[in-house]
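Chain lettering (A, B and C) follows the sequence in which the chains are written, and residue indices restart at 1 in each chain.
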Amino acid sequence: MNDSYPANKPLLVYDQLTVTYLSRGIRIAILESLSLKLETGEFLAIVGPSGCGKSTLLNVTAGFKMPESGTIRLKGKLISKPSLQIGFVSQSYVLFEWLTVEDNIAFGLQSQKHSKKEIRQIVDNLLEVIGLTAQRAYYPAQLSGGMQQRVALARSIASEPPVLLLDEPFSALDSETRIKMHELLLRLWTDHNTTILFVTHDIEEALILADRVLMLEKNGKPVSTRDIPFIRPRPRSIIHTEQFQIMAGEILSHYETLT
Amino acid sequence: MKYKAQQFLKICAPFALMIFFWIIANRYSGVNPALLPTPLEVGNALKEFAISGNLLWDILWSLRRAALGLIFGGLLGLFIGTITGRINAFNWLFSPLFNGFRALPPVAIVPLVIVWAGLGESGKVFVTTWAAFFPVWLNTHSGVSSVDKGIIWAARSLGARGSRLLFGVTLPAALSQILVGFRLAISTTLICVIVAEMTGAYVGLGFRLQISYLVFRVDRMLACLVVLAIIGICADRLFSLVTTWLFPWIKLRHEPR
Amino acid sequence: MKNKIFLIGAIIIAISVLAYLLTRGPSNDSTGKIIIAEGTQPIAAPIYIAYANGYFKDEGLNVELVSFPTGKFCLDALIGGKADFATVAETPIVHATFKDQPIRIVATIHRSRKNTFCIGRKDKGVNVPADLKGKIVAVPFGTNAQFALDTFLRKNDLKSQDLTFINLSPPEMNGQVLKGDVAAVVAWQPYIGRAKKNLGDNAVPFSFENVYEETYNIVTSVLIAGEKKDIAIKILKALDRAIDFMKANRDETIRIVSQRIGMEKSELDTIWPIYNFGLDLRQSLIETMTLQGNWAVKQGHQNGQVPDMRNFVSTTALKVVKFDAVSIKESN
């Protein structure tokens, strides 16, 4: 990121964000007056029961949907439409099936001012990081689910967006692949110092990956955040420690008591 | 060797079956033999056509008219389908009109076209263009308007806008549906070229078919139909090959990894 | 969901049954109806008059007339079993004889040398027949107009290969005479007359009077000509009566015919003198048909030997109605 936004100011600011939808003539709130500040390079996990607005929050942040009221500002500027500033990886990957792996990854770069040589270099690097150099000329239909998700990650990180949104990106993968994807994501995160919002329904996944966890509630009721105290790097074994299990249990029971 | 022999038999079998039933109908159905010639008679008529040189010119002219119609109608359908599929105002203004015209059978418009455009090539190419336009328009419209929102979102958050979004994302995403339209257009154009040639022509498969009817030569009519069927099959195969070569990923959709 | 499927199925069946019942016409055998397929032309007048004046009814026949655009279609209806009689010029019949179709001519009802002719376009450089060389001529294929044109060309030292022929049926010849590349058209009245009128000063008529005498004939199935010849006899009796009426009542005839085929009375009145109605079976019919048979083979329309045309004429019925009108020696 080569602009001059001061690194100590909050990068992403949500101010009284309210998102509603119309159901049989009645306005129903998904998110209500949500306010939140994210620092540069922060990793935020978003959890909550289904229907509580996790995806909606991401969609509004990405500029895909408009809020009823309230604002989201990135580096002080209002977000009103999608742009290269906010990367997005969805649960269903949505790779461009008519482009090869390397062309998919290069897609965002072509909207920026890069020379062909630069683009090739960036793509080569990413291919190596995600371990798909040999498959660079494949089409998405020829790849397994895990491979496709790796390409999706590389594609959104290639243009170095300040903010990256991921909507349950690994939930369709088997546990072994998921562990590898965690490693990959964390590596990309530290390499590029991106601010990440990561939606998941898996509390353990949230605690392993994030700095903070945002807990959303159904029908737009007030949200809360918890800081995640575990020091990085976090080995896999941390899941079995007492501290980890207690925190996970707390969050789980929080949601259980509400039903 | 055995596999190839098997493949060959597989291809020939349906036709052999049809000829078998045909011969049975000739012998035992009691149908007026003038109305149902034998396969041999049809074969002879075909030979007659080939030797007289008529066959080649008929095929070339009919193909020319069909191809021109396919190109003009296809491009027009692609263009307009993209507009009505993406821009709401154009959709509710024009789509009902096109749907209405689409319902008109080509047989009905040929006399009208002759009155307006005369007996020349332009009238015939108009009819084939008409035939190609509607399937391409409809399928392009359908494909373009139903592109997965997620793809558009992903593209926009990767900085794609305006013409890059249209040509680089929307159209490729709609491509398999658009190709369905073109494939249909191939068969409708071939049908319409026959219809267009039945009046006011002096060369072409449709012309040959019609004048054979007028002198009571059903064997010649069937010969024309055989040629037409072969052309239809070849055109379809060619279309498949070309689209697979141009757009390799479309086939991949259906192949297991 | 199952209920919806049953409901839709029931509706479809109901509509199909209704459509079938409503569109089913009376069938031939069950009501004893005699169907005459007629070619919507003034030269079918005896049929229109007989029908309008009730002569068929007087013979105890329940006749229904069905219109077709040309004689070829009438003949198709007869061969296909959808009609009992057809009106048609010789040429489509000649083509059918090569396929040995079970049809028999039972009478000629009209003859003319002026019904069919050619109109050339001055602006296309056609002033005399020789100018037709290298030009495009519109003619209805498979009809006697095609035969007449080929014969006319031969008589004017032109070969068929010298021209390009476009297949156009007479009803379609109107808008087109004025447009584009066609340098001449050949057809029968009233279409050819209309073409002449539309071209105005640009029209150059070429008469076919010296080409051949065309006939308009009543054709029926082998069955009716033979076993059921009573029907044929009655039809011919009614037609004979009609022709007598026509000779004595020109204005009334023109009124009936023009109304029947949708023509202007004045237009028909002008053309009327070229028509010659009369019931007969002449030897010249056999000669003309044989001539056309040879022509068909020579032009490549048909293969093989020209059939003996006498096999496709049945004089039995006409002999009963009007013995002197038959001058053919038939071979059955």
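One rule holds in what follows: contacts are C-beta pairs under 8 Å (C-beta built on N, C-alpha and C of every residue); 3 or more make two chains touch, one makes a residue touch a chain.
Small disclaimer: the values here were computed from a predicted structure and weren't measured.
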| item | value |
| --- | --- |
| Chain ID, smallest distance between chain and overall C-alpha centroids | B |
| Longest centre-to-centre distance from subunit C, chain (CA-based) | A |
| Whole-Å gap between the CA centroids of subunit A and subunit C | 82 |
| Chain centre separation in whole Å, for subunit C relative to subunit B (CA means) | 36 |
| Centre distance in Å when subunit A and subunit B are each reduced to the mean of their C-alpha atoms | 48 |
| Interfacial residue positions of subunit B with respect to subunit C in the complex | 32-34, 52, 111, 114-115, 118-120, 198-202, 207, 210-211, 213-217 |
| Subunit A contact footprint on subunit B (complex, rising order) | 148, 150-151, 153-161, 164, 169, 172-173, 175, 247-249, 252-253, 255, 257 |
| Interfacial residue positions of subunit A with respect to subunit B in the complex | 62-64, 81-84, 86-88, 90, 92, 94, 96-98, 107-108, 110-112, 139-144, 155-156, 159 |
| Subunit C residues touching subunit B - in the complex, by the definition given at the top | 72, 79, 92, 95-96, 98-101, 136, 138, 140-143, 164-169, 172, 175-176, 179-182, 296, 300-302 |
